[in-house]
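Look at the two complexes coming up: chain A is in both, with chain B in one and chain C in the other.
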Partner chain A sequence: MESKVSENIRINAANIAHKELNSMVKQAVMRGVKRIELFNVHGQRYIGTDIFEPVEITIEGTPGNDLGAFMNGQRLLVYGNAQDGSGNTMNGGEIIIHGHAGDITGLAVRGGQILVRDDVGYRAGIHMKEYKEKKPVFIVGGTAQDFAGEYMAGGVMVLLGLNLEPGSKHNSRYIGTGMHGGIIYIRGDFEDYQLGKEVGVAELDEADIKQLSGLVNIYTGHFGGDATSILNGKFKKLYPRSLRPYGRLYAY
Partner chain B sequence: MKSYLPTKFIIERDREQCISCQVCINQCTCQAHYFDSQDNEVYARPEKCVSCHRCVVFCPTGALRVRRNTSEYRDNYNWRPEIVDDITKQAESGGVLLTGMGNDKPYKIYWDHLLLNASQVTNPSIDPLREPMELATYLGQKPDSVQVGPDNTLAKNLPPQLKLDVPVMFSAMSYGAVSLNVQHSLARAAAESGTYWNTGEGGLHHSLYDYAESTIVQVASGRFGVFADYLNAGAAVEIKIGQGAKPGIGGHLPGEKVSADVSLTRMIPEGTDAISPAPHHDIYSIEDLAQLIWALKEATNYTRPISVKIAAVHNASAIASGMVRAGADIVVIDGLRGSTGAAPKVIRDSVGIPIELALASVDSRLRQEGIRNRASLVIAGGIRNSSDVAKAIALGADAVYIGTAALVALGCHVCQQCHTGKCSWGICTTDPGYTRRINPEIGARRLNNLLRGWSLEIKDMLGGLGVNALESLRGNRLHLRGVSLTDSELEILGVRMAGR
Partner chain C sequence: MKDLARVNNPYNEGKVIDACSIFGVMDTSGKRFDGSKITTAIGNMHLRGNGLGGGLAAYGIYPEYEDCYAFHIMFLSSKGRQETEAFLKDHFYVVYAEEIPVRQLPEIINPPVVWRYFLRVGAEKSSEENETDFVVDKVMTINTRLSDSYVFSSGKNMGVFKGVGYPETISRYFRLEEYEGYLWTAHGRFPTNTHAWWGGAHPFSILDWTVVHNGEISSYGINSRYLEQFGYNCTMQTDTEVIAYGVDLLVRRHGLPVETAARVFAPPFWDDIERSPGGRKELFMALRQVYSSMMLNGPFTIIIAHEGEMIGLTDRVRLRPLIVGVRGSELYLSSEEASIRLICPDLEASWIPMGGEPIIARLGEKPVVKKKSVCPGGVMKSA
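Let's look at the complex of A and B:
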């Protein structure tokens, strides 16, 4: 008779280092476990890295830096806040953070989805890129610190601004500096000086509204809220004014 | 705007030897030759010539010579022709001057001031023709001590190592900067000669996964083509922080070089600029570097050595100490003469320090701190021949990277036009009409020949020193003496003056 592998496992992450914790996770995945719940997580790095099965990992507590770095199709659910570098150079999968996330969240992401219920730190979504069907999505419920979407080369970033006080503006300055691909949808107020000089501003067209409506529904599907009233807010589309922002830099 | 730039080269055609076969026209990528059908003669447009010698080598009758244009400026040590030309170019374009290859300025080449020892009378030299000579080199972290078990095997596994049969690897040259045929030549030669080639930051083309065991995959600030399969494909992963040709700045692969195939490997849309930011935006400190090193160790399940490459800069030794403490298994220092496919000329020619001094100070510093065993030290940037390799190893390197020397083996004539994408030798270009000029089978043979020649010469030098293993030369600066060097230079190099 075949031995049955338990589909689910719970791991207490208290007082173990990242290498050990990740090794336990990898071993569980190799045994065929499909859902892993980590609790008492307190700053262990690289959770979700180097896994090649489509598993779901639930994280209770505070995962450390580089959550899901180089991740390739797994699903990470964080019940708490994430630190810096979540989704670093991620290739596919989902990171869903029920809280806020630190700096360089979504650095160089090339595929998959990152959803943050609240705010993100500095340089979020920096150098996101896309290639053919690989088109990353990064949705932030709140606002971002400076340099959101810097060097953006592809994908879609959404800043919903849900927690902005009436009359207040988004935090980020230098939004989309060096942007040469991708799209940022931004809801709520900002001043022109908050944008990088490579960024253009446009109203949403029908295709944008259709795309955005799908993305907002993904957000409310995870974190609750009323998609229609969010979509009724004031959105602008930020786009790269040139695919070659540095084309005229050189003598020849 | 009329250009005031003078013509740099003159093309001389021996009319008695020229048979108007037009090979020169077909070989030239700069349109410096043309056929006049009325005269039934081939003529030159010398102002287009970059002196790459493609036509000279391929002319079947040897009818061509390329010479420097003899019309001279009035002598002026300050306002030299190159400086006048550079100002003229900028006045006509208003941009950053680009160039290719490495620093070509007359900074002191310390290799040429270092001399190796040989055994005479008091201890015998060894004849490599009849004695085995060991060149094998292992790159990676070495433990502070080893325990041997009862069956004479290691009781505890060593950290992951790269094994080199010859202490020379091929420098990072990305697909996009060089052609796929060049990478195939390098990869095949690395596999056959028992060494490694390096992908550069442009990802790994699927046709090269066959050579994965001889491949070092690179992760640079643009993160192009970096994903789990790529990281696990290579024998080692290298984080590129900096490059000798352009310390401190990033890179822009212009959109016109991002062909369908290059876009596939870099994982970006065709025709868009591939922009590598100056820093990795997740690395602003040694602690951040440690984070990426350990992320890559985690991503490769601790089975691959992680290398970190920096340009040789003023504080290289302190930085290298930080890199080792951050967990780098291999430290790579790329010197002032390090080459590039494209860099601002002002940076290439004015930033960084000579590799010989950087190597000596990094090796000394790591020894002083007692952490030299925790990482291997590899140097790059201007290594020209086997004696440079031997001297580098005596100064403290574990191995060297060669870039330009490897390209010269493939045909490069160092015309410094890499940035134009019009390499007539088919090396630094992605134009399919030119890339065909490199045949990977012949290219690999040429590279293997070079490495074989250097290996034989290194064995000769070792034998002369009276040692039979490269390990006996490594970091042994007593085998070196300096000539025409100041006391400070000798002190930094840790080498005695010849005669002492």
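Let's look at the complex of A and C:
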């Protein structure tokens, strides 16, 4: 008689080092487990890395740096805040963070979706990129600290500014510095000096509104809120003024 | 500068590329607690260091000698101890002296002998001389002129404990669970540019100032030459030392508020200064002009502490992490949020401050919550 593998397991991460925890997860996935719940997570790194099945991992606690690094098609749900480097060079899948996320969240992301309910730290989405059908999406419910979208080369980033006090502006400076691809949709006020030199500002056209509407609905689908009233806010589109800003820097 | 070539590094300088870890906790009500909590917190960031340096600072630990300067001195030879003890007796009243009790551990290899001396300033000090300047001068004399002796802690009612090892090991070695303080800071080291030795571990200290640091001070040369003009000699061979002397110069001797000193270390960019309202523009310009040699260049996150105050600060573009947590009268600063939540599961709020923005906890002042985090966070029940 064939033994049936349990579809779900729960793992207590208390006092377990990151290598051990990640190998427990990997072994469970290799046994055929589809949903893994980790609880008491306290800073273990690289959760979601090195897994080749489309599983869902729920994380209660504070996952460590490089959450979902190089991930390819898994789904991570974080009930807590994330630290630095979540989604590092992720190729596909979803990271959904019910809290805030630290610096360099979504660095060099190549595909998939990152959703952060609240704020993100410095250099969010630094060097995100896209290629053909691989087009990463990074949605932030709150605001970002400096250098959001730095060296951005592709994909879509959304800053919803939902937690900004009425009358206050986004705090981020150097938004999109070095940007040469992709799009940032930003809701709420900012000054021109907060943008990198390579960034252009435009109103949204119909195609933008259609795309944005889908993204906001994804956000509210996870975190709640009224998509229509969010979409009624004041949005601007930030785009790269050149796809090759420094092509002639070293050429005479 | 003394020759440290014979101070062996038992770990053979093995580099595992990572980052430093820093942690600070203060109960602004003044309630004292033992060193086990912060040891758990810094130990949770084990991966960030590589065992080539660890240390802690604690405030409020010597109430029975609160009027005395508590010197912690490491001796690399018994000749050094004889010379230094003779020097101390010449310049101070030695109220009490003892070897700092330690727990022998296999991980701690070839430690120096570490003593503490509770000192009152002697009659030798002239009446016009400032007492604290007198103490700083004597610390510098021991560190630069006397054999094999390094004063690494010299404040009142506080102490630094540090060495080569992981911070949680150093804490066990010095039995810090037996001490109670209202403010603790800790550091796990990944040495970037200099070799590992006991004096080169963090915290760095002068009088009751201590500094723990993650990053790299590329302006070390210009900072240390500037500080030499004021009688500070850098002897510990680690860049962070300039921050401890710098804050002593700016705040204690020049009387700047710590908020202003933070703007010296991490000044706003010129275009931000241009946009600053009111008198702030003039202030920031004056600070950049007067104290340009005390500006810290390079990536850093630091936790500075002294009696009754703890300050967290990062460089202007925040190239190293810092997160703040608050529960009631307690304020936490850490490289990683998980460490805060591990020892404080019912944290009220946590947020990531902006680069160059000082976060200050003061004795008797309830910490101000900048941003409310409604997130459940990393609750960990004891397993």
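For this structure, a couple of remarks:
Quick note on the criterion: the second predicted complex is superposed on the first by the 250 of 252 C-alpha atoms of A that agree within 3 Å, B and C clash if a C-alpha of one lies under 4 Å from a C-alpha of the other, contacts with A are read in each partner's own complex, and residues count from 1 in each chain.
To be clear about the criterion, a contact is a pair of C-beta atoms (placed from the backbone, for glycine too) under 8 Å apart; a residue touches a chain by one contact, two chains touch by 3 or more.
In this text the structure is predicted, and so the values were computed from the model without any measurement.
When the shared chain is aligned, no partner comes close enough to touch A:V116: not chain B, not chain C.
In the superposed model, A:Q145 makes contact with chain C only, not with chain B. Legend: residue contacts after superposition of the two complexes on their common chain; A:L243 is shown touching chain B, with no touch to chain C.
By the document's definition of touching, of the two partners only chain B reaches A:K134; chain C does not. Between chain B and chain C, B touches the greater number of residues of chain A. In the superposed model, A:V158 lies in contact with neither chain B nor chain C. In the superposition on chain A, contact of A:R45 is made with both chain B and chain C.
In the overlay built on the shared chain, the residue A:I36 is in contact with neither chain B nor chain C. Shared-chain residue A:L215: touches no atom of chain B or chain C. When the two complexes are overlaid on their common chain A, residue A:N65 makes contact with chain B and with chain C alike. Counting contacts as defined above, chain A residues 18, 45, 65, 84 meet chain B in one complex and chain C in the other.
For chain B in complex with chain A, the residues that touch the partner chain are 89-90, 92-98, 222-223, 226-228, 231, 252, 254-255, 263-264, 267-269, 271-273, 275, 277, 281-282, 291-292, 294-295, 298-302, 420. Touching chain C in their complex are the following residues of chain A: 12, 14-15, 18, 40-43, 45, 60-65, 79-81, 83-84, 98-100, 102-103, 117-119, 121-122, 145-147, 171, 193. Per the touch definition, chain C reaches chain A in the complex via residues 44-45, 47, 271, 275, 317-318, 321, 323, 336-339, 341-342, 350-352, 354-355, 371, 373, 375-383. Residue ranges of chain A in contact with chain B, taken from their complex: 18-19, 22, 26, 45-46, 49-50, 52, 65-66, 69-72, 84-85, 88-89, 91, 104, 107-108, 110, 123, 126-127, 129-132, 134, 150-151, 153-154, 178, 180-181, 243-252.
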